[in-house]
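For reference, the structure I am asking about is given below.
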């Protein structure tokens, strides 16, 4: 019995996980959310920007991390449009343009923001760190046109923006290692303020940058999305996501505890 | 008579007060200097002036610029009253500029400073504020180079045992005995990633052994350029081991650049081909656990290694051996036993001692209230 | 010669790029800009090389009728569909967006969501308090895990309401991530950074040459 429990068929665990996700999706929970300091810092930074300031959002994630990072993007975009902060969207991820464009357009329509005046989406360019470095010299030399093929020179909000010098904050929404690159190449070289919203799996990787203030703030996965939604007062998919994720966390915790209890009993028996 | 004197005194006081009030906004900025901006590429000139007194009545400053004998032109927007520095970044090389700082009052009264001496922008060849960083780089590089060349003399270099690398031969041997293939996964990094290059150097060593044992080596790549480099590298390894005929180019192939499609592809290969040994070396992200758990489920012996420290827990949980961080970079030296490469490891350790010493010294000095080291490092940052 | 040229190029570019980091002069910065620009131009070529290699690999599979060769047709079907719609009409075209949102998004999300299942099974199998150190790690992991979701604070504020501070689970998680986790991570980062510099010096000096096939 004990050894059966110790070597529990992983398919059984998979079924438990599936149930722990499906049940709260069908019967939504409404857990209280407390805003953590790193998320609050991003909110405060953007909130303190005067109208007409510009932030750049890098949508460095693909469809796989969309459920975690899209709610963050949505909440920040809402906040920016509400405050009159202009947004430049771009991505270093080849699969992101469609999802990023759809999202920005959706939020902009809802907030009444005008393309080319309140926001612009530049699309994707391959090259990773080379794109970042080159934009420090001239954004127009990397993105001659925006996603809709309008030359940057014809976009009114880009008239007074040449490079990072005119951008108040870069928010990297990332599922990979792009935040490290933004910090290494853009924060260090151009002294640009960077904030990040990342998937839960890489959150702990960001803490060294928080401590050195190389990151203005950090939104950790679903939790960060739900916190930002709470701050702007619009609970949506981030809040729903973190509520759905809660039972799975409890399940994993339970499995670990059971595994250890069985392990101890077995070890004692074996002497 | 007294009345007349009183009248004169009152008038005088009034006159002085009124003139003071009006002249407050008109005090010209003092000690205005324009110099070439230090540590730049010669594309800017820095203008400085003294801060105005709080009751000066100045509400802002406007910078004016003159090229040679030309007219004074306004540059930039009106600067707030607290400003004492302005960097003019719109200059051309080889042109001399003179500047005037104009104080502007709330009533739009103005007072111009004296014109500065002509100044030209010129680029510096060395960034003086980066001197400590440059010295640190030189010291560290010198330590490594010294140890590399010292190692050439044949002095033995002790390297602690790294179980993950000790197991490489055993893992390859196991695959050979079982008559199954070896799967080598280089991660998601491009050819410019140092972790990918380190992984390729391990692959070169693995390829030499698989060439000897004639064990099939499969390398699914995430980056086409990496794939081409790897093909060339493995081919050379087989050639040098005297088994060029055992090299099969099709075993090194490009799957996809998409992270999870790549994970799905590699998982598929694992499940179908059931390799006896799986190497997961390089730069990994969220797909690390998907790969490692699948490898675990097929019973393969797994040796992982990454500098993506956030993925280390996943590898440690699911793999038999894991190279942690810098061990990945030490692998090439460890496996090849090449004295010069081993020497560089010792140089690395000297660097660690240096950093450790600096941390300890910094903590002691900070606790003793001596803060210049911290200030120096903050300046470098 | 075939090996000497890459080694010389590697040395030259390595030293020059290092020099440009310390020299703000317009000449050195223009070299830096130029190199960055070259690297940028190379990226689209890499995509082209990738596509060509992918086609080659699958053509060979079909020709040789290797195991599961039929699936290679699916690769070509997917590639052609996206190219036929994407190239003339651009990625904004509704058909392209539809395919992206209804094929690519669910496929990628499915793979990513596997993590939830795999983390659960790996945690159950590997998280054992075998030693004192392992026990410390285990306890930290459990706190971070439960502090990551609002249910952690809910449990804390309900079960441990007699304690003098609220939201202990998320506070404890924040402390673990910001202190012990950070210290360990810094140690690893320092080691990795030194390893990277050492590796770079070996590459620049041409001592590490296995990436071009090794040997002399």
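The chains carry the letters A, B and C, assigned in the order they are written, with residues numbered from 1 in each.
Heads up, the rule we're going with is that a contact is a pair of C-beta atoms (placed from the backbone, for glycine too) under 8 Å apart; a residue touches a chain by one contact, two chains touch by 3 or more.
A quick note: this is a predicted structure, and the numbers were derived from the prediction, not measured.
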Min route length, chain touch network, chain A to chain B, equals 1
Maximum distance between Cα centroids and chain A occurs for chain B
Averaging C-alpha coordinates per chain, one finds the centres of chain A and chain B separated by a number of Å equal to 22
Chain centres from averaged Cα atoms put chain A and chain C apart, in whole Å, by 16
The positions of chain C in contact with two or more other chains are 39, 46-47, 107-108, 111-112, 115, 119, 121, 123, 125, 127, 185, 189
Residue ranges of chain A touching at least 2 other chains are 10, 62, 64-65, 95, 128, 201, 204-205
For chain B, residue numbers touching 2 or more other chains are 190, 192, 257-258, 260, 286, 309
Listed in rising order, the residues of chain C that touch chain A in the complex are 33, 36-37, 39-40, 43-44, 46-47, 90-92, 96-97, 100-101, 104-109, 111-112, 115-117, 119-121, 123-125, 127-130, 138, 141-142, 145-146, 148-154, 167, 170, 174, 177-178, 181-182, 185-186, 189
As the complex stands, chain B meets chain A at residues 188, 190, 192, 257-260, 283, 285-286, 297, 308-310
Within the complex, chain C is touched by chain A residues 8, 10, 13-14, 16-18, 21, 31-34, 36-37, 62-67, 95, 97-99, 101-102, 125-128, 130-131, 133-134, 137, 142, 147-149, 200-201, 203-205, 207-208, 210-211, 220-221, 223, 226, 242-243, 245-253, 255-260, 263-264
In the complex, chain B touches chain C at residues 39-43, 93, 123-127, 130, 133-134, 137, 140-141, 144-145, 148, 190, 192, 194, 197-198, 200-201, 204-205, 223-225, 227-229, 232-233, 235-237, 240, 250, 253-254, 256-258, 260-261, 263-264, 272, 286-287, 289-290, 292-293, 307, 309, 312, 314, 316-318, 324-326, 328-330, 332, 336, 340-341, 344-345, 347-348, 351-352, 355
Given the complex, residues on chain C that touch chain B span 18, 21-29, 39, 46-47, 49-50, 53-54, 57, 60, 67-68, 107-108, 111-112, 114-115, 118-119, 121-123, 125-127, 185, 188-192, 194-203, 205, 207-208, 210-215
